[in-house]
Amino acid sequence: MTLSNHRLPHDEFARIRAEVLAQWPTGADVDFAEAVAYQRAIPDARRLPLRLAAAAREGTTLVQPRAGVALVDDLVDLLRYLEKEGEADLLPTTIDSYTRQNAYDDAAKGIEESRAQGRSLLNGFPAVNHGVAACRRVNESVGVPVQVRHGTPDARLLAEISYAGGFTGFEGGGISYNIPYAKKVPLEKTLADWQYVDRLTGIYEEQGVSLDREPFGPLTGTLVPPCISHAVAVLESLLAAEQGVRHLSVGYGQCGNLVQDIAAIRSLRLVTEEYLDRFGYRDVTVSTVFHQWMGGFPQDEAKAFGVIGWGAAAAALSGATKVIVKTPHEAFGVPTREANAAGLRATKQLVVMLCDQKSTETAEVRAESDRIVAETRCILDRVAQLGEGDLAVGTVRAFASGVLDVPFAPSRFNAGKVLPARDDRGAVRLLEPGALPFTKELLDFHRSCMEGRARHEKREVGFQMVIDDIYAVSKGRLVGRPR
Amino acid sequence: MDDRKNEQEPRKVVLGVIGADVHAVGNRILEYSFRNAGFEVENLGVMVSQEEFIAAAIETAADAILVSSLYGHGEIDCRGLRGRCVEAGIGRILLYVGGNLVVGKTPFAEVERRFREMGFDRVYPPGTLPETGIADLRCDLGGPGGAA
Amino acid sequence: MTLSNHRLPHDEFARIRAEVLAQWPTGADVDFAEAVAYQRAIPDARRLPLRLAAAAREGTTLVQPRAGVALVDDLVDLLRYLEKEGEADLLPTTIDSYTRQNAYDDAAKGIEESRAQGRSLLNGFPAVNHGVAACRRVNESVGVPVQVRHGTPDARLLAEISYAGGFTGFEGGGISYNIPYAKKVPLEKTLADWQYVDRLTGIYEEQGVSLDREPFGPLTGTLVPPCISHAVAVLESLLAAEQGVRHLSVGYGQCGNLVQDIAAIRSLRLVTEEYLDRFGYRDVTVSTVFHQWMGGFPQDEAKAFGVIGWGAAAAALSGATKVIVKTPHEAFGVPTREANAAGLRATKQLVVMLCDQKSTETAEVRAESDRIVAETRCILDRVAQLGEGDLAVGTVRAFASGVLDVPFAPSRFNAGKVLPARDDRGAVRLLEPGALPFTKELLDFHRSCMEGRARHEKREVGFQMVIDDIYAVSKGRLVGRPR
Amino acid sequence: MDDRKNEQEPRKVVLGVIGADVHAVGNRILEYSFRNAGFEVENLGVMVSQEEFIAAAIETAADAILVSSLYGHGEIDCRGLRGRCVEAGIGRILLYVGGNLVVGKTPFAEVERRFREMGFDRVYPPGTLPETGIADLRCDLGGPGGAA
């Protein structure tokens, strides 16, 4: 089959499904009809799309942690703790890195070792190894929606087990879970594999089971300019909608400049809705996800709280539907449940305190938002052009030619020509635009931003700025000034 | 094996992020910094297996293997690397490791002990700057100001 | 002597001085000439006005804690710790509540009991009891400027000992350390007593010793509208300048609405400079002080970190010269040094991270700032009128008539007619303007703010809103919505 | 003394903030809340001495004295209050105390013990809502639902 952006035909889907469910013994436990019945019986309070829709209506920002450990009982304890002591509105199940590589044998070893040593040796929950019944136990143990968060290029089996296991949301996409999360997996392969995941989501929807699909917004989490992550989010949304997905959450990783962050969430909602509409997907709901600072964190816990607070404040002022929360342990390792809950409560305090101060319509924000939309359109329209109307094909060609290019991504299918750096007020701009298909006006804008900073810092525009910016937040700054 | 090369000849290191780990940012900076410091760097990037590290070290006749592990599985991924080096005939090669080596915030002394027991010559805590590794490597290789 | 706003004549000052220094045995150790020599020898790094001027030039926001314990050695340890582990740019010595009441006997008991029990039973440092030499030891133990912070209606002896003891900054004023800090001390008395403190500062200035004087901005810390605290800050600045004070820091307690907070610092600087200029005080420097949220705090430490982070962010965005920092123990008691340092580091991370994003010139901020200036002028001009040109007399009459009126103040010389409450976006407005001499336009604005909130909340404008607002932050909100 | 008054007659309390403490906000809310709950409140405001509390309690024939202390000197300020009540002939009057009673964050059980030993009938931790004190007072005075 060659890749194209069309709904997977039923028989093709069925053929793949047989293969997928055979990839690991636990696949045998997935029975679609039974799973639909199970999903339908899930109370509204635990259904992610409903909770997001309610938040959007009320104008509140929901709070969600990252969390996952090797063993089922421990995960249940952890999630209950985060719900109760962390006041989490939404819960996650973060999947371990072996499962993300479909290395279920390694995951099995990790489970065994974790049992033996009495501590989690895996950085997440190996949901495939544990299987459908275990996932259901996890979901039934809590009172709020649980979403699977991972970073898996081929997440087909994981999606099957997750949905049958009662999760009502599934993160990822053929671009966002490939380029930042893989080294040599071709985009053709991940785009096709995520068509499967989206089609699976679609057939649940057709049975009256609403599920949330969330492209992973922050990508590499490191100085990603909004237009690049927006373009990816919109493409994955369009590809998902084609497969019948009805509930999309599009995300963005905080850059740290308040005007840019608010404008990013504003423009992300607008541009996603614009393209869904333009491509004829009319009955899709869109919510927005704000990720607190995704780059390197300060080691000191009090300073980390500062960064977390700033992320919470920006999320609230931007009016994002939910915020994904960091913890004071971020610079060290997977957090203890106490540290995780502390990050959540600090965030909760601020998103609730600031819910009445959304600032999406100031002159500064509108101007920045308009520019982000313009940049994103430049990229998306060229992708469509490159694909001769087919967005899946266009995506592959766009990455090959650097029209889509994610800074610092490990994938060899990513051009890696774009270099971002901060301007003098800390907004992320382009130091080296690579092959991004911007208008001259936009290119000039970015150049003048960098020159303004260089003048202020009395040094040349150059790679040292990028390095300084990468370290900056962990060293207590936003703009990496020369020392 | 000749561990003491001509001082003028650039020292060679193999660099990479081990296991299923995709954290690419630190790796880029390490490559850039070690190059700037005058080392010849063979950067294998992310998701590097033990076998790939050893093959590259043999092929380039490297003086050291610099392993990064950020994602928490470092403990599992690094086990047996020294043994495989011995088997491959480069048993005395310098092995450095750094990053976020274990799952969770752990007292570093404990982490260092575990990795030293696995045969690593130097073990670095989270947030180590490249300069630290560069200075140590110069010292261990008997460069300027260091013992042979 | 009847009160009037004129520089204290030399002989009058000398007469009072003899009395003041005799109030407690340690007063005998004050030798002005020797003290001037000592002060002159203090290195620049420890001179508060110089440090503030440098920060203003560089556009950075300095970080300062509150801290004080009963015993000298413990205070030295504490301040060193906050300098090193808290990264404090400026240090305080907070004075205990007995000293603030000139109850030096009680303070002496507190010192003894603290020695006996091995823990501080006083809520601050009894500087008068410890005397000049001890104060010098404190100052010499650290590398940054140390300011005395207290709340003392009659601080004449404390000021003498502080300046001779090497402190280079002294907080307070005849209004701001009376109305919120006393019950039945007449304003005539505190205004006169602070003329003495200001004159003392002035004569040091005349000897080439620069000292910082800081009116206490937040007053009762509880829903104080900016115009009220600004009016007090300007009046105290004018009264101080008349006595020869040359370095003024004017303060403001965070209200929590970002636009209002930024506008408050902007307008505070503008209106203070405007009036100093108007009354002919031309060689006075003005810096601004932003107090992180001064009302009731949440008990949970993670949530407290959230509130602290928001204060730090608002301080940085407002471009305040320094920020006074709260701690995660705020809701409970005087913090441990660890908790104090944690609050400082969280704050430091954000003020440095955000130093490039000052937002004082947006349309929203300018409009709010203009309104605050207009309100403050209404009050100040009426004070001048009531005093028939004498601002000291005017101040007394203004409080008597409610033209100046501090919400929730304990003083019986405060009218207590004004009732503040938040508008629908959390800005502090006037629910009951009392006798504030506002124009009709301004009164209408406040009324319409309250009506807007009432409509949204579907309840009447009323005292219940005030109560709900007082509890709000400690319960995780800013606007106290009905439950 | 008659501790059991007519149920219809409003119960009287004396309210104030003890010592050199000027924290006025909580005091205002307590006054408002106890009034709203049907009590007759004699509010002495802030900076109230032990003598003033006792004089007001005698003068109004109060059922209870509600002491607040926020600023940290509560421990010193409250010592001997029960003894003075006894001396003044109102030894059985209810004594409640609340606020931030000691200097620093302290386990509340410890604080409660100290103040109970001083003769307080009820001791409240920081952040107590007026409702709690109202319910307890009703109970202690044998109001609706309470024991005599």
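By written order: A, B, C and D. Residues from 1 in each chain.
One rule holds in what follows: a residue touches a chain if its C-beta (ideal position, glycine included) is under 8 Å from a C-beta of that chain, and two chains touch if they have at least 3 such contacts.
Computed from a predicted model, the values in this text were never measured in an experiment.
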item: Subunit B to subunit D, fewest steps along touching chains; value: 3
item: Of all other chains, the one whose Cα centre sits farthest from subunit A; value: D
item: Interchain centroid distance [CA atoms averaged], subunit A/subunit B, Å; value: 31
item: Centre-to-centre distance between subunit C and subunit A (centres being mean Cα positions), rounded to whole Å; value: 45
item: Subunit B and subunit C, separation of their C-alpha mean positions in angstrom; value: 55
item: Sequence positions of subunit A contacting 2 or more other chains; value: none
item: Subunit D: positions in contact with at least two other chains; value: none
item: Graph class of chain-chain contacts, one of line, ring, star, complete, other; value: line
item: Which pairs of chains touch, using the document's own definition; value: A-B, A-C, C-D
item: In the complex with subunit C, residue positions of subunit D that touch it; value: 19-22, 24-25, 28-29, 32, 45-47, 71-73, 75-76, 100, 102-106, 126-127
item: Touching residues (chain side subunit A, partner subunit B) in the complex; value: 97-98, 100-101, 103, 106, 109-110, 113, 119-123, 151, 180-183, 220, 222, 295-296, 299, 329, 331-336, 339, 408-410, 463, 467, 470, 474
item: Of all residues in subunit A, those that touch subunit C in their complex; value: 256-259, 298, 300-303, 305-310, 312-313, 317, 341-350, 352-354, 356-357, 359, 362-364, 424-426, 473, 476-479
